[in-house]
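Two complexes follow with chain A in common, the first pairing it with chain B and the second with chain C.
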Partner chain A sequence: MANTVWKAKRRNLAPWLFLAPGLIMFIVYVIIPIFQSMWISFYDWDGLGEKTWLGLANYVELLDDDAFYTSLKNNVIWLVLYMLALPAGLFIAIFLNQSIRGMRLYKSLFFFPFVISQVVVGLMFSWFYAPNFGLFYNLIESFTGQGIAILADDRFVTYGIIVAGLWPQIAYVMILYLTGLNNVAPDQIEAARLDGAKGWKMLWYVVLPQLRPATFIAVVVTVIGALRSFDLVSVMTDGGPYGSSRVLSFYMYEQALSEYGYRMGYGAAIAVVLFAIMMVFISGFIWKMWRDERGR
Partner chain B sequence: MFPRPIEQTSPASQWLYKIAVPVALVVWLLPLLGVALTSIRPATDLAQGNYFGIPSAIALENYVQIFTESPIAGYMLNSFKVTVPTVIGAVALSCMTGFALAIYGFRLNLIVFFMFVAGNFVPFQILMVPVRDLTLKMGMYNSWTGLAMFHIAFQTGFCTLFMRNFIKALPYELIEAARVEGVTEWQIFWHVVLPLMRPAIAALSVLIFTFIWNDYFWATVLTTSAESQPITAGLSSLNGQWIAQWHLVSAGSILAALPPVLMFFLMQRHFIAGLTLGAVK
Partner chain C sequence: MVRYRTGAVALTAVLMMSTAGMAQDKRVVTYNADFDPAPLAAMEEVIASFEEANPDIEVQLNNFDHEGYKTSIRNFLSADAPDLANWYAGNRMKPFVDAGQFADVSDVWEEHGLKDKLASALPSMTFDDKQWGVPYTYYQWGIYYNKDAYEAAGVEVPGPEGVSWDQFLQNCEKFKAAGIDCVTTGTKALWPGAGIFDYINLRTNGYEFHMQLTAGEVAWTDDRVKAAFAEFAKLQPYLTRNHAALDWQDAAALLVQGKAANYVMGNFAVAVFKEGGMTNDNLGFMGFPEITEGLPRAEEAPTDTVHLTTGAKNPEDARKFLAYLATAEAQTTINNAMGQLPINKDATVGDDPFLQAGFEMLSTADGGIAQFFDRDAPAEMAKAGMEGFQEFMVKPENVDRILERLEKIRGRVY
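Right, the complex of A and B next:
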């Protein structure tokens, strides 16, 4: 009797012993800092000295900050244009979903951009866009007679960076869809073919519904990727020209940790706004997962 | 199969397809090819305006030059110092957390699980100031240990999601059978479940290797000098020094891209399995 009680106890304790190391690390480095950042956003702090309580002053200042609105606007542009990765990735996946010789190699070469660091991607595209000799610059010049220095032009700079970001993102979405296409039920396709479905109709009514799980993951990673964009902005333009390519993640970094000043509190306030935007999407994602877990 | 297999179409369109695929690939990889070509372009070509044409000679000395005249070898080494412990740490921790969340039906199970999942998606900026502060206080600022510690903790979120779902898909009877035999919980983990997790461990290892190798944000936040910076941060600061020396920037870029690319090619199947988890259910 005593033995079984002990065993049951041990079994109740076991999960927590297994969880402890990972959970503690995660709480210390991820969960607690989220709340600390929220707390710091109410202070004026240079990161070293005394903190001064400001209440909501950092947030009030944000409301009046043009650079904040520029970043916010750019984040929206990123979010919208990044969604192009979905149709583009699907298109390439369909294009490559054949079994000719060497197809495996082709598929992995198409996936290449995703494996490369965004720093490297940023440098590659800077070279592509470079005024006077860049391939893209020359291309525009040969069409219009005048080249455009994309990264130095505040009208185009954000779009130029987004194109660079789309390159690996499309590759990622492509691989998700390729895997999804592998699992599309062949008998349904055949049945639909016998009914005379083909092309667009087949794609829309038969294939896409079966690709729903892939589409869901693709949307999640694309939204997260768009809102997290930092590396490319930092490497390609450093937020310029005149701050026109800033996004929230970059502006936060600039305020908190660059030569423009060590305004940790103000930076934290920007981070909280970004976090709040992201939480809308994360909650939706978790909500769906929760339902799936309950459902099975 | 969708679309219709190309073998069932006319010979002409089969031909067309077989030409279209490599052509599309070249266009798709044009930025990469441009950089690869430039990395072996002699400096004199650039001076003469030959930026995108065929290099006049193959200048492997660009690679020699970046190794002898820049701390790039040190940056690479730093990247390995951060990446390898992170892979080991995050995978080890998440094997255990994943096991706990998949096998035991305790009350907070789903809450803890979703905490890992949600935490994994937060923007890095919300963690930046406190994590930097914590790293400073622990005396690990500007060192590979500080960077690796954070990466281990953060990656455990994603890895837990992966491991938990993987173990959940294993036959539960195995565990029940072991319990009937009177085996302890740790032995179940070690001798029954862990051997079955090999593919998951492989998939996560390559994936985490790539993520961490390519990390730039945390490298800039937690390290400041060439002695501790990984290749991504190092390359970015070298780019500032090598103004207009695109042959060197290119060679550095290719070098920085090489380890994850090799990793991907060697472990392709695992890599893609890891990435597409959940996309096909």
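Right, the complex of A and C next:
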């Protein structure tokens, strides 16, 4: 009798034991720092000296900070335009989902941008846009007689960086869809074809519904990718010209850690705002996932 | 950021080498620095001769890339402090002094008579009547120009005494007609633009006012600031158009290629110009033109310093090294190699014409010596100010908005 109780307990305990290392790491390095950041956001602290309690003053300052609104606006632009990765990735995936000689090579080539580091992507696009010798600059110059230095112009700079970011993101989404396409049931395609469906109708009513899991994941990674965009901004412009390409994550870094920053409290306040925005999306996704699981 | 990554690689390499070559029975002084290749070689020479004189001490130099150094110094000072660290004079070192990271080295100054020998840097090294480091070099800022570009545009090459502001602007008009940028700069990293503003403000309003402005004692919406920006606006149309996307080295390339005629820069740029193929024959240097007549001439000459950290494990030997670094011979060696000017008044200035010109210019500057905008102003104001200058250089019509924004930030920072 005692033996079976112990067995049952063991069965309950086992998953937790296996989870424990990961959970401890997650709590120590993710969960606790989140609360620490929130705590720091109530202080004025340069990272070295004494902390001074400010209460909500950092947040009040945020409300009156033009740079914060610029960053917020840019984050929204990122979020919206980054979604272009979905249709583009789907299109390329469908295009690559054929059996042609050498298709693996083409697939690898299309996937390549996702493999290289974001820093390299940023560098390549900086040269692409570079005034005087960049390919893009020279192309525009040869058409209009007047080159445009994308990264020096506050009207275009954010879009220029987003294009650079989309390049690897599209490759990522494409891979997600390629795996999804592998799982599309051939008999349903067959049946639809017998019923006379083809082209857009086939895609919309037969293929896309079956790609829903892939689409879901693609939306999640794209939203998170857009909100945490940092490396490209840092490599390509450092938030410039005059701060017009800042996003929240970069602004946080600038305030807290960069050469002229050292305002840990203020940086933490920005981080908390970014965290809150992410929470809205992430809890939305989790809620949807939970609903779907229960629905089955 | 880009150079930061290469710097990180270089750092790892240096770290590996330095640990591999660690001597067993010597007392070690660790030293974190951010030298370019030429000054690095010179500092190694200085270290070698110091070690020769003190056979029981070994100085381990960990070299970082500049931009990376500036972001990592806070981490290593509080986490794993070396004995010595490079930094800058003036307001830039104040946060570390206030936070108790830099040690008081007044005793070194006292003991070796440095207050006399390093007199020119004494004010910028002193807080609370104590000295917080040892300066070893400074360099002049001014206008470097390409004589070939002057000839190509048919503009008379200025003499060593420079030209008047009106003449300078007229020349700009001619350069514009010839399709050459009159003044180039690369403000991607923001600071090069501040050099232009500093000089215009120093020449329009003088040293005292500039110091008051960077110390937060004058409103940015003050009429005198507006007057300086009015002069700035006269220069604005002649600046390289896409400077916000250029690093300072990119702009140096424009000068070397003759696509730009003048560059407001520090003397460290000479090495880059010469690497690009310029020689003493076609590279020229002059002081920034006078704007308000009769103002005592002030110049810009940032001072680089070495500091003893409070976390130092071997402060005694580190003090010895600081004292050595302050000597005339050490300063002569390192500055000859760096192509910069020694602080020690007994040191010899290199025979490079640009150095001689700079030495002449600085030693006759009766107005005063400014450090640089981002060293005279506190960090937060510096960042906002330099962003403002950059925006102004692209969109001069925004001047009122920029100044109001800076005034708002001034209200918060000081």
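Side notes on the structure shown:
Assume the second predicted complex is superposed on the first by the 269 of 296 C-alpha atoms of A that agree within 3 Å, B and C clash if a C-alpha of one lies under 4 Å from a C-alpha of the other, contacts with A are read in each partner's own complex, and residues count from 1 in each chain.
What we mean here is this: contacts are C-beta pairs under 8 Å (C-beta built on N, C-alpha and C of every residue); 3 or more make two chains touch, one makes a residue touch a chain.
Only a predicted model underlies this, so the values are computations on that prediction, with no experimental measurement involved.
Of the two partner chains placed by the overlay, chain B and chain C both lie in contact with A:S234. Within the superposed three-chain model, A:G47 lies in touch with chain B and with chain C [touch as defined at top]. Judged by the touch definition given at the top, the superposed model places A:V80 against neither chain B nor chain C. In the superposed pair of complexes, A:A152 makes contact with chain C only, with no contact to chain B. In the superposition on chain A, A:P33 makes contact with chain B only, not with chain C. Within the superposed three-chain model, A:A8 lies out of touch with both chain B and chain C [touch as defined at top]. When both complexes are overlaid on chain A, the residue A:V60 reaches neither chain B nor chain C. Of the two partner chains, chain B is the only one touched by A:P186; chain C is not. Contacts of A:G261 after superposition on the shared chain: chain C is touched, whereas chain B is not. If you count the residues of chain A touched by chain B and by chain C, you find the higher number for B. Overlap of the chain B and chain C contact sets on chain A: residues 47, 119, 123, 234-235, 257.
Only residues 10-12, 14-16, 18-19, 21-23, 25-26, 28-34, 36-37, 40, 47, 94-100, 103, 106, 108-113, 115-121, 123-125, 127-128, 133-135, 138, 167, 172, 175-176, 179-184, 186, 189, 193, 198, 202-203, 206-207, 213-214, 217-218, 224, 227-228, 230-231, 234-235, 248-249, 252-253, 256-257, 264, 267-268, 270-272, 274-275, 278, 281-282, 285-286, 289-290, 293 of chain A touch chain B when the two sit together in their complex. On the side of chain A, the complex with chain C involves touching residues 46-49, 61, 66, 119, 123, 129-132, 149-154, 234-235, 237-238, 240-243, 254, 257-263. The touching residues of chain B, when paired with chain A in their complex, are 1-6, 17-18, 21-22, 24-25, 28-32, 34-35, 38, 49, 51-52, 93-94, 96-97, 99-101, 103-104, 106, 109-110, 112, 114-119, 121-134, 149-150, 152-154, 156-157, 160, 185-186, 189, 210, 213-214, 216-217, 220-221, 232, 235-236, 239, 246, 249-250, 253, 256-257, 260-261, 264-265, 268, 272, 275-276, 278-281. Those residues of chain C that touch chain A in the complex are listed here as 1-2, 5, 67, 70-71, 74, 77-78, 95-96, 98-101, 187-190, 241-246, 254, 374, 379-380, 382-383, 387-388, 390-391, 394, 405, 412.
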